[in-house]
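Scrolling down, you'll hit the structures one after another.
After this come two complexes, each holding chain A, first together with chain B and then together with chain C.
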Partner chain A sequence: MIFPEIGHFALILAMMFAVALATLPMVGFYTRNRVLLTSAKPLTYVMTLLIWLSFFVLAVAFATDDFSVLYVSQHSNSLLPIWFKVSALWGGHEGSLLLWIAILSAWAAAVAYRSDSLPNATGPVVLAVLGIIATGFLLFILFTSSPFIRLLPDHPIDGADLNPLLQDVGLIIHPPMLYMGYVGFSVAFAFAIAALITGNLNASWARWARPWTNVSWAFLTLGITLGSWWAYYELGWGGWWFWDPVENASLMPWLAGTALIHSLAVTEKRGVFKSWTVLLAIFTFSLSLLGTFLVRSGVLTSVHAFAADPTRGVFILALLVIIIGGSLLLYAVRASQVRSVVSFGATGREAWLLINNILLTILTLTVLLGTLYPLVFDAFSLGKISVGAPYFNAVFGPISLLLIVFMGIAPLSKWHSTKGKWLVHIAIMPAILAIAFSALVFTFHVFDWYLWLSFSIALWLVFMVARDWFDKVSAARQSIWLRAKKLPRQYYGMLLAHFGVAVTLVGVIFVSMNSTETIVRMAPGDKVVVGNYAFELQGSIRIQGPNYVAEQAIINVYDGDKRVAQMKPEKRLYKARQQMMTEAALSPGFTRDLYISLGEKLSQEAWSVRIYIKSFVRWIWLGGLLMMAGGLLAAFDKRYRRKAGV
Partner chain B sequence: MHPVRKKRMIAVGIILLVSAAVVSLIMYALSQNINLFYSPTQIAQGEAPSNVAIRAGGMVVENSVRRDPKSLGVVFTVTDYAHQLTIEYEGILPDLFREGQGIVAQGRLNEYGVLVASEVLAKHDEEYMPPEVQEALNKSKAQ
Partner chain C sequence: MRKLLFGLPLMAFIALGIVFYQQLGKDTEYMPSALIGKQVPDFQLIDLSSNTVTTNEALPDTPYLMNFWATWCPSCSAEHAYLGELAEQGVNIVGIDYKDETEAAKKWLAERGNPYSMVLTDEMGHFGVDMGITGAPETFVISGDGVVLYRHQGVVNAEVWKTLKGYMQR
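Then we have the complex of A and B:
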């Protein structure tokens, strides 16, 4: 038995260390005091240790069913399986903030561990900036959302249970991955701020920040992919993206982060876009904070807005204003000293990456606009509105397609300047091939010019990626494999990530083009034909889960005469909350998913049943995984290791 | 004109053109896809346009849910305790749809003042109340 107060106490101590971390190295920097500067590392380690101690204490409280802790009693139940008990820690507001700060401190510790290779003052100042952020969030937790509040002496015998929607593997790993991503952008932010403070605004800060940014981006990509996958099978409507404000909250930092990894590349290699990259690093982390604010303050009409406590909202808003406002002020004062002297041509790679940044920024802003528009509308008392998914689809689709077109060209172009004629020469064949091949595929489908164009663009990207690789490996008189092995990991990371985009795009196109949805009433023995498959309801049985009872329908699926699958969708009643949940049944495949979810029970034996066939839906997430792998591969390029020199 | 200045003019022109295109695309998409929320009282007083996509909601009235035995059609009534609104829907209702629960529906009003819903939303847990519905209830109570 561990007392939860230990966790609370550890958090208070951690806050004190965070305050010290935020101030001492800064004072040390301005007074040129070495002792204060070198204090940054140990302070970071102690702060991290204390925060994780507190995290561990709360995890133990969950695992041992300590319902005297208010937060545990609200989000757990003695009947929950053990892995859900522990992951229930981040199933609510207080715990997910603790996870946030725990991950922030882990990033800070990782930076501290690697900081020796940085020139004198940079490491400590970076850590101090992370310390400032940590201080803000620790204050927030301690003053408004402590997860350690106790219900004594009369504590409930059992907990209220975790929201059944969250009782799922996807939700065990999705939030930590997502937070690893968007909290990870704090490192790039801290490097940018440190560069502004120390005045070391040459290209070197970009080189230090790059691997960190890549890794965070990879985590965020994984987090978003997992979230989309979870929504697909758990919400029971077979959609993979809903343009829900909370999804948008994670998409915005991803878009800005994608722009950031590209502009960091330009800044590192060519020394241009310097002040823009700094601004983008600030912008990206600000969007992460905004995401936290939107999700945690409950200001939006959203499925994820658990809490609607105004003091919390005001606190995070204040934090947001201080951090973003402060860093922008610093930027305004310092960035004017930066001058880029390098010029570049209109068709050089710098120009293509500039287009990349412009388009990604536009995409971010359109999502931001659509997400905040209801808030603005409400604030001016113009009424309650919601901005529907069609808005996002209409705006996001064409702009991102344009982005993908340029994505084909940019990697083949050369730094500084590329001959326009040469680009046309190299791009013409892939373009023709893509259009022709896509037309061929579409002769088998209902023709839709938008989807046809999208598919051509996806193919174009694949061809251009392949072409680029072949050009690079067959340039000299060496064997292909020897040259292929010599290409840097960073380059393969880029290829992989770009290829992933094409894979996701193909998934998106086929899902929207070639999916069928049928809602039918089915009694035992009824047979329904959907697409190439016949579905037969065999009957339904009652089953008993650890913390729920369920009715399970048994549906046999036939392709011709052959039975290809037996699917068992469920309707569950979770006991603690008396809440109904639909558990969809899936029969996954590389080129198609069969998806069945139960609606209401219409009579003693008949159900309303929703049957989907989704073409290529797995490709959407497969592409996400490829992008993540690409980001990681690029981050672990050898040259960072040598330069960082562990 | 000076060649550098000409180059710049072209660049500025292109940027202006692209941003104009983007802005008009956004404005168009926004104007097409904003759904205003109306309470049953507002609808009863004729404030809501008919045959335009809107959102409406309230508490589902006890014993008002009627199903068509042959199809998936369902009709129910929602209230803000001042006025009532009938909603027609065909399809599967969400898990948390229940009599006495607050819901929001998206759809169009027909000529009889019935909301023909394309989507019914009842979200997450019993304590959760759609904010629009909460506000509508508060308003009708205040009157």
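Then we have the complex of A and C:
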């Protein structure tokens, strides 16, 4: 038995260390005191240890069913399987914040570990900036959202159970990955702020920040991909993206982060866009914070809605104003002093990446506008409105397609300037092939120019990626294999990520082009034909889960005479919360998913059944995984290791 | 001038911060529907009494109320009696049994009386999503040609009915 108070106490101590970390190295920087500067590293380590100790204590409370802890009693239950018990830790507001700060401290410790290779004061100042953020969040947890509050002496015998929607393997990994991503952007932010404070606004900060940004971006990509996949199979609607405010909250930092990755590359390699890149780093992390604020403060209603509490809202808003407002003020004062001589041709790679940045920023603002529009509208007393998927689809789609067209060109262009004629020469064949091949595919389908154009663009991107690689490996007399091996990981990371975008796009196109949805009444023995498949309800049985009872329908799926799958959708009743849940059955495939969810029971044996056939839906997430792999590969380029002296 | 340019992000953020501050603690519940002036979305729902799949075609062709309710919703039992009175006055009410269990719903109507001219079951809440509802009860006024005229969130009572009635007579 570990007392939960130990966790609480560790958190208070951690807060004190965070305050020290936020102040001492800064004082050291301005007074040129070496001792204070070098204190940053040990302070970071101790703060991280204390936060993780507190995290561990709470995890133990969950694992051992300590329902005297209010938070545990609200989110866990003795019948819950052990892995859900532990992951229930981040199933509610207080625990998610603890996870947030735990991940922030882990990033800070990682930066501290690698900080020796940074010149003079940069490392300590970066850590101090992270310390400021940690202080803010620790105060927030301690004053408004402590997960260690106890119900003594009368505590409940059993807990209220975790929301059944969240009892899923997706929940175990989705939030930590998402937080790894958007908390990770705090590192790029800290580097940018440190550059503003120390005045070292040359290209070097971009080089240090790049691998960190890439890793965070990879985690965020994975987190969003997992979230989309989870929504698809758990919510039972067969959709993969809903433009929900909470989803948008994670998409905005991703879009800004994507822009940041590219602009960091330009700043590092060419020394241009300096002040823009700094602003983008601030912008990206601000959006992460904004996401936290929107989700936690209750200013926006959402299907994800956690407990909304205005006191918490005011606190987070104050935090936001201090961190974002402070950094933008610093930016306004310092960045205006930077003057870089910008010179590059209209067709140089800088120009293409500038277009990339502009389009990504527009996309980010589009999502931001759509998410905040109802708020702003209401603030000016113009009434209440809601912005739905049609707005996002109408605006987001075309702009991203345009972005992908430029994605095809940019990697093939040269820094500074590229001959326009040469670009056309290179690009014309892939374009013709893409359009022709796409047209060929559409001869088998109802023609839709928008989907046709999208598919052409996806193919064009693939062909351009392939062309680029081929040109690079076949230029000299050396064997292709040897040249291919010599290309840097960073380059392969880029290829992989771009290829992933094409794969996702193909998935999105085919899902919207070739999906079927039907709702039918089925009694045992009934056979229904949907698309190329016949579905036969064999019957239904009662089954007993650890903390639920369920009725399970058994449906055989035939393709012609051959049985291709047996699917078992369920209707579950979770005991502790008396909540009904639909557990959809999936028969996944590379080119199509069969998806069945049970509606209501119509009679003793008959069900209303929803059957979906979704073409290429897996490709959406496969593309996400490829992007993530690309991001990681690029982050672990040998170049960074040598520079970092590991 | 240059300073001003670099200060722009800060100013934009301050403006946003003020908007947020005003919004804090405000009632985010009330939302008129984005569907007002538009047709009721297409649906395929199962009729509670006949167990058959029903579509928009079955909806009344005179003005009516569409009431989302559920047995699990305490406010729904509060408004149930008043809906009964309205039905007696000849108001046509279509009930949507929202995210509910069919058996429980049948039992509820048998015990408390049925004010509805028809009850459709939206067990998965899909239709509720299409109509943009955020919970039960919610009531829409819909014209004879299927256009959404008004949305009310929460319990319908004599006070609310004054407003609804106005829309129904348009």
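Odds and ends about this structure:
Assume the second predicted complex is superposed on the first by the 643 of 646 C-alpha atoms of A that agree within 3 Å, B and C clash if a C-alpha of one lies under 4 Å from a C-alpha of the other, contacts with A are read in each partner's own complex, and residues count from 1 in each chain.
In this text, contacts are C-beta pairs under 8 Å (C-beta built on N, C-alpha and C of every residue); 3 or more make two chains touch, one makes a residue touch a chain.
Note that the coordinates shown come from a computational prediction; the quantities given were computed from them, not determined experimentally.
The superposed arrangement places chain B and chain C in clashing positions on chain A. Between chain B and chain C, C touches the greater number of residues of chain A. In the overlay built on the shared chain, the residue A:L328 is in contact with chain C alone; chain B does not reach it. By the touch criterion defined above, A:V60 reaches neither chain B nor chain C. Using the contact criterion defined above for the overlaid structures, shared-chain residue A:K601 touches chain C, although it does not reach chain B.
In the superposed model, A:L625 makes contact with neither chain B nor chain C. Legend: residue contacts after superposition of the two complexes on their common chain; A:L453 is shown touching neither chain B nor chain C. In the overlay built on the shared chain, the residue A:G313 is in contact with chain C alone; chain B does not reach it. With both structures placed on the common chain, the touch criterion links A:I519 to chain B and to chain C. In the superposition on the C-alpha atoms of chain A, the part of chain A touched by chain B in one complex and by chain C in the other spans residues 236, 301, 308, 383-386, 388, 519, 521, 580, 582, 597, 599-600, 602, 608, 610.
For chain B in complex with chain A, the residues that touch the partner chain are 7, 22, 25-26, 28-30, 32-37, 53, 55, 67, 69-72, 91-93, 95-96, 123-126, 130-132, 135.
Those residues of chain A lying in contact with chain C across their complex are 236-237, 275, 279, 282-283, 286, 293, 297-301, 308, 310, 313-314, 317, 320-321, 324-325, 328-329, 331-332, 335-336, 372, 375-376, 378-379, 383-386, 388, 519-521, 580, 582, 597, 599-603, 608, 610. Within the complex formed with chain A, the chain C residues making contact are 2-3, 5-7, 9-10, 13-14, 16-17, 19-26, 28-32, 34, 44, 46, 51, 53, 101-102, 121, 123-124, 126, 129, 132, 134.
Interface residues of chain A facing chain B in the complex, by the touch rule stated above, are 163, 165, 236, 301, 303, 308, 346, 362, 366, 369-370, 373, 383-391, 394-395, 398-399, 519, 521, 577-582, 597, 599-600, 602, 608, 610.
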